[in-house]
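Each in structure tokens, the structures are laid out below.
In the two complexes below, subunit A is the common chain; its partner is subunit B in one and subunit C in the other.
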Partner chain A sequence: MSTPTWRVRQPALTRSGLTLYNMGLPLLLLTLLSLALPDFRQLQNAQNFTGQLATPVLAALGQLFVALVAGIDLSVGSVVSLAGCIIATQPDALSGICLALLMGGLVGLINGCGVAYARVHPLVMTLSTATFLQGLAYLILPIPGGQIAAPLVQLANGNMLGLPYAVLWCAAAVLAVATLLYHSRIGLHLFATGGNPHSAYLNGVSVARMVVLAYVLCSLMAVVAGIYLTARVSAADPTMGASIALESVAAVALGGISLTGGIGSVSGVVLGAVSLGLMANGLNLFGVSPFFQGVLTGLLLLTAVSLQRRRHIGL
Partner chain B sequence: MQPTSHRADGVPAPLQVALKQVSKRFGQTAALSDVSLQGVGGSIHAITGENGAGKSTLMKLLAGVYRPDSGSLSLNGRDLHLASPAQARAAGISTVFQELALAPNLSAAESLALGREPARFGLLKHRAMHDAAAAVLSQVGLQLDSHRLCGSLSIAEQQLLEIAKGIAADAHIFIFDEPTAALNRAETDRLEQLIKALAAQGKLIFYISHRLEEIFRFCDTVTILKDGQLVCTKPITELTRDSLINLTVGRQIQSLFPPRSNTVAVTPALEVRQLQLYPDKPAVRFTLRRGEIVGIAGMEGQGQRELMRTLAGEHRSVHKDVWHSSTPGSASPLAQDGSSQATVRRGLALIPEDRKGEGLYLSMPVQDNLMLGLLRRLGLTRRAPRDTALLQQLMQRMQLRGAAGVAVGALSGGNQQKVMLGRWLASGADTLLIEQPTRGVDVGAKYEIYQLLREYVAQGGAVLTVSGDLLELIGLCDRILVMRQGEIVAQIDAADATEEKLIALALQDLPATSSPIAEEALN
Partner chain C sequence: MPENSLHKPLQLPSLQHMLRHSGRKLAALPPAYAALMLLLAVAAILRPQLLSPLLLLMILRQSAPLGLAVIGQALVVRCRSLDLSSGGVIAVVSYLLTSGAWNLPLPLALLVCLLVGAAVGALNGWLITRIRASSVIITMAMSMILSGTVIALSQFRAPGPAPELLRTLASTKFWGLPFMALFWLSLMLPLAWFLRHSVWGRVIDAGGANPRAAELSGLPYVRAVFAAHVISGLSSALSSLMLIGFVGMGNVTLGQDLALNSLAAVILGGVSFGNGRGGMLGPAVAACMLAFLFNLLTSLGLGEAGRLMLQGAIIAAAAIVYSLRNEVS
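And then the complex of A and B:
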């Protein structure tokens, strides 16, 4: 339809999905918390905070790939748990990591093929694998524990000149994902697939393969998150990743990424995860009960998402 | 214009593409049967025919979207097997699809490069991509920042971008599918220049359109399709306007429309005394009387849809003073913020243009879809009547072939449209608001629908209809209102109306495209 001059023009379209809300929320929380809580300003807390933050950031970066192709991956949490259990039960760290990555790739492949080729709805597909993998994690490691190699533990908990390794883990992941999304053909094809799959197909993009790839990348990132988490707490637990699936989706939504595909950014994911983390950290320091924390986080999510979502065309 | 490639030079034999006896079926319907077609480089070749004649299907075979069930394609004498759009593109065939195929979240440069991005080790060369985009955009005369996202471009810009994509890919066959459907006159002129420039370079252009004016202006050869079959291919010089129409329709148009009634309509059904659709536009005023069919003409998106939807109670208006009367003298105003339920209860029904999305319950059988109209007259607690006699009567009146138990989704477009119409006739609605009464409907069913509407108004109903098909408005209606930029700018008796008159009225003073195209870039 032509756009007659007398019609109200749509607001400018962005591909990042970032708005003032996404960027302002973490800043606002940071300011509020550092003003209100002396404890928050301690270096100890900052290190603690980044340590806690790394797992959701890593998992949410994976979730970003899936969200960009208009999917959702709820198996992320179970993949984190299972990766932890594999590492804790393997005799040496290297074989554990390799096995875990292999498992992640396979899970992503199954999820992706189910969604792209068998046309199962992503919610159903990934919820099924999530349940399956959770069971598997219980079978491998019925009771929490296990042995984690000391160097691996050091890699997650140490710091370099006061800079926690957790930050390095995140930085490396952000760099890798940003390079892939913004500077590679694969990234462009992912955006095209999410923006208009039919158009992408007409232009010679193998849409189904892109969807599969997104799920594989998502599961691999979840494995990385699982490796980090296991090393950080130097033990595994079959339910250790339980909350991460929804956390990663929440971070993605808070970061302005459209769940209908094609719109999102790496910085949005980081900002979203930081907002969620700050909320949890602050409420902890305030001594708010964990149950009530859930209530507040849910409200925050709903508010933030309803403030931004309709700004995008088609949402 | 610069030659786009070395290929254009030094190849003496003109390009030749041929489709030999291609057929394509979709389920029950034969979209194409045994169609043969030949195109030569340098020619602008029109493909025309009615809705559903198979024009788009034919071109989608060349575009690699569909594969023919039988028959073959060849390019310069060699067999051409296109398994995907990507392969068609690689073979040098570029298509500007009717449903524009741009991802809204990609920049102009990315869209142009998509599928063949400049990259090293899988990493994009952004600079090279934008440089190439700038070069090709200036070739089509589109002044545009190559970083702009496609979703923010106007339809005309998107179309030029699609053409630029073909040039960038060094295509030598261009397919345009109804490219001017959403363009105004100035934009159409620019498109004409561009297409002619391409043809002058020896490219082959297939131009799908049912607009006579454009076919005579742009094209040198015309292929006419009817009901999926080839009627003929002729040079434009051998055709006149009338002979082309007769070949397309295959029968005299006059016979397609039932005769208008002789009695003068007096009783008002819907008095639109003042209806302000936009805050900065004057109000719309007109009266729809019992016994008449009034049509609304205009270019796409001039407020026709808003007018219909506001009358139906779906949209809110700035100011609404509309009176509706079911029986003479019983006029009462529609509520300012009337809901669509309230409007339907008064006997005012909207038949939406998107029958699959808004009109019908595709998975439900015909009888249930029809019965929904009757249910309107019953309370919530009453059971649906299983009154097959009534249903039979209705189906007979609608000439709905096929069993009552068939899911509506399995019917042809024409029969679906009749089910929708039948539902509202069964509901006892006294005034119908119809958007695009016969879009995607075959000729036979069109005729039946026109008959039904005439019968309906002869029995005291009133119909207000919007249609993009001017001939339909002229043939079907008693009066035609012309809308432009949210206003009714003219009203003419359908008996005196011609396509030219209506187009002239609809186009006057329409603003040109927001980003003017440099004329000099086209030479």
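And then the complex of A and C:
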């Protein structure tokens, strides 16, 4: 007797997990929006769009590391908020950035050790870390505000001959993550850990250390996303990262990355984040209430996660 | 007559043996009991006025909504699943009851609210058991969808006052005990008995302990998980009715942290993900303990920040301790 399973076409067994749907969705959206909305084709909107896109892309790149080792990190939202609050309350930008990065590393270490050594389920571990960090963010900065150094704001909002710096932030992050994943031993070990942990262990990969590293890298990317977001808005808000956790998971799931580990790619992450961003931008231009964007993200997340087959029921 | 070796004199357990046995049983109790004792001791030192019978009864009344939500959550956690959609259910129930968008007679409106809770639970359950998506992601996304829709809709209608009946029920007392607490107990105790003595309870225990073995043995484990999620949705709806009665007004952000609080109470109450240990009493005590803790924190001046930090620390610490204990044993 076999329990009924959802009939979905299995993607081809490539390491990237990209299918026609993942690549086709952003293209389809791009075409639809360009045809339907004249506002979409303006340069102003394109600059705005890339500026808004950078935060989800950075956060989703972090989530990629964790998804590759079959985990999930729900604390990225709180890390983003906390990083912003740290930046806003430190006297100068450099000390703020260093402190925020240190915090990110520590949070990643705690998450990773809890998941890898204490064998706590990643969802429970990262959920509790997220709650704790949210409280810490409220403690550091009870009301939105704070001072962001002008050079940092310029670095996030300026543009170079019409090309927004946001594109450069994304490009730098994508390049760094791609080099780490595809051209280094750490990347190979990450894929191996996710694909088959026992086999990786038998081959000499330290599985626990790879898992911890994945969580540390995820939190560090979340800190970078928080720094960018705070600089872009030039104020900090303890709840600014609230929707980023589920948004990054949605972007990762839409990009063909398997949440059970071992399959994923940087281009998939970018495509997924672009799809999400295009839908949000389209809704904005159509004049739909911003609260419905949360509903849309939730629906997209449900769809994207439902299309990934699993044998396991529950958590 | 030869001495038969079967006729051994009756060996009564020594006092040492009995002490060691009861000591081991005490140590195996869920942390909620110890934490409650500790909290009462701390309150006795720092804020003795919290220990007055009137305030204790008020805290008991306050813990009733959390206790109801904990019933559903404990059931779901035993199936190795999770339900974080209480926030969304509360938003929908609050909107239905207080915004005046639908003018239904009160009994019908209450019934519709319960049906909505059950429907949300059923949708969660279907997605989790048929589509086999991760329960955390599904229920969090569901909560986001529901509260986002309600917030968007309530831009057109401001929330109004809660129905008279709910407000009255929230403040009545029978024989000195608050009605809400009695209602909670009257739901929890039969369910606890039913879980312990029915086939469905056994199926949940078995399926939670080892899903693969349950599947291979032919137990209707999948249906049990689905039913657990429906019950969890119902209990979220009931606890939202209680919360609305307490607060007196509709509020779309009411009970945002109910989901995480219920998870913390369940983990502290000794129910860990699917090993069948722990009953309903542990989480109920943990719900009271959490309500007492939040009151103590408020009286000590710690606001939202302190509460969140403590919540996160409690869940993480309890989960780590359980995980390590399960590994060692």
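Rule of thumb we're sticking to: the second predicted complex is superposed on the first by the 281 of 315 C-alpha atoms of A that agree within 3 Å, B and C clash if a C-alpha of one lies under 4 Å from a C-alpha of the other, contacts with A are read in each partner's own complex, and residues count from 1 in each chain.
To be clear about the criterion, a residue touches a chain if its C-beta (ideal position, glycine included) is under 8 Å from a C-beta of that chain, and two chains touch if they have at least 3 such contacts.
This one's a predicted model, so the numbers in the text were calculated from it and none came from an experiment.
In the superposed model, A:15 lies in contact with subunit B only, and not with subunit C. By the touch criterion stated above, A:99 is placed in contact with neither subunit B nor subunit C.
Once the two complexes are laid over each other on the shared chain, residue contacts for A:201 go to subunit B alone; subunit C is not touched.
When the two structures are aligned on the shared chain, A:186 is found in touch with subunit B, with no touch to subunit C. More residues of subunit A are in touch with C than with the other of subunit B and subunit C.
By the touch criterion stated above, A:136 is placed in contact with subunit C alone, subunit B being left untouched.
Looking at subunit A, you'll find residues 1, 3-6, 313-314 touch subunit B in one structure and subunit C in the other. Those residues of subunit C that touch subunit A in the complex are listed here as 79-82, 127-138, 140-142, 144-145, 147-149, 151-152, 155, 211, 215, 218, 221-222, 225, 260, 263, 267, 273-274, 303-316, 319-320, 323-324, 327.
Against subunit A, the residues of subunit B that register as touching in their complex are 65, 84-86, 89, 95, 97, 99, 101-106, 110, 114-117, 119, 122-124, 126, 149, 151-152, 154-156, 182-184, 187, 278, 280-281, 299-302, 485-486, 510-511, 513-514.
Taken in their complex, subunit A has these residues touching subunit B: 1-6, 10, 12-15, 179, 183-189, 191-192, 194-196, 198-205, 262-263, 313-314.
Across the complex, subunit C is touched by residues 1, 3-6, 72, 74, 114, 118-121, 123-125, 127-136, 138-139, 142, 243, 246, 249, 259, 289, 291-295, 297-299, 301-302, 305-306, 308-315 of subunit A.
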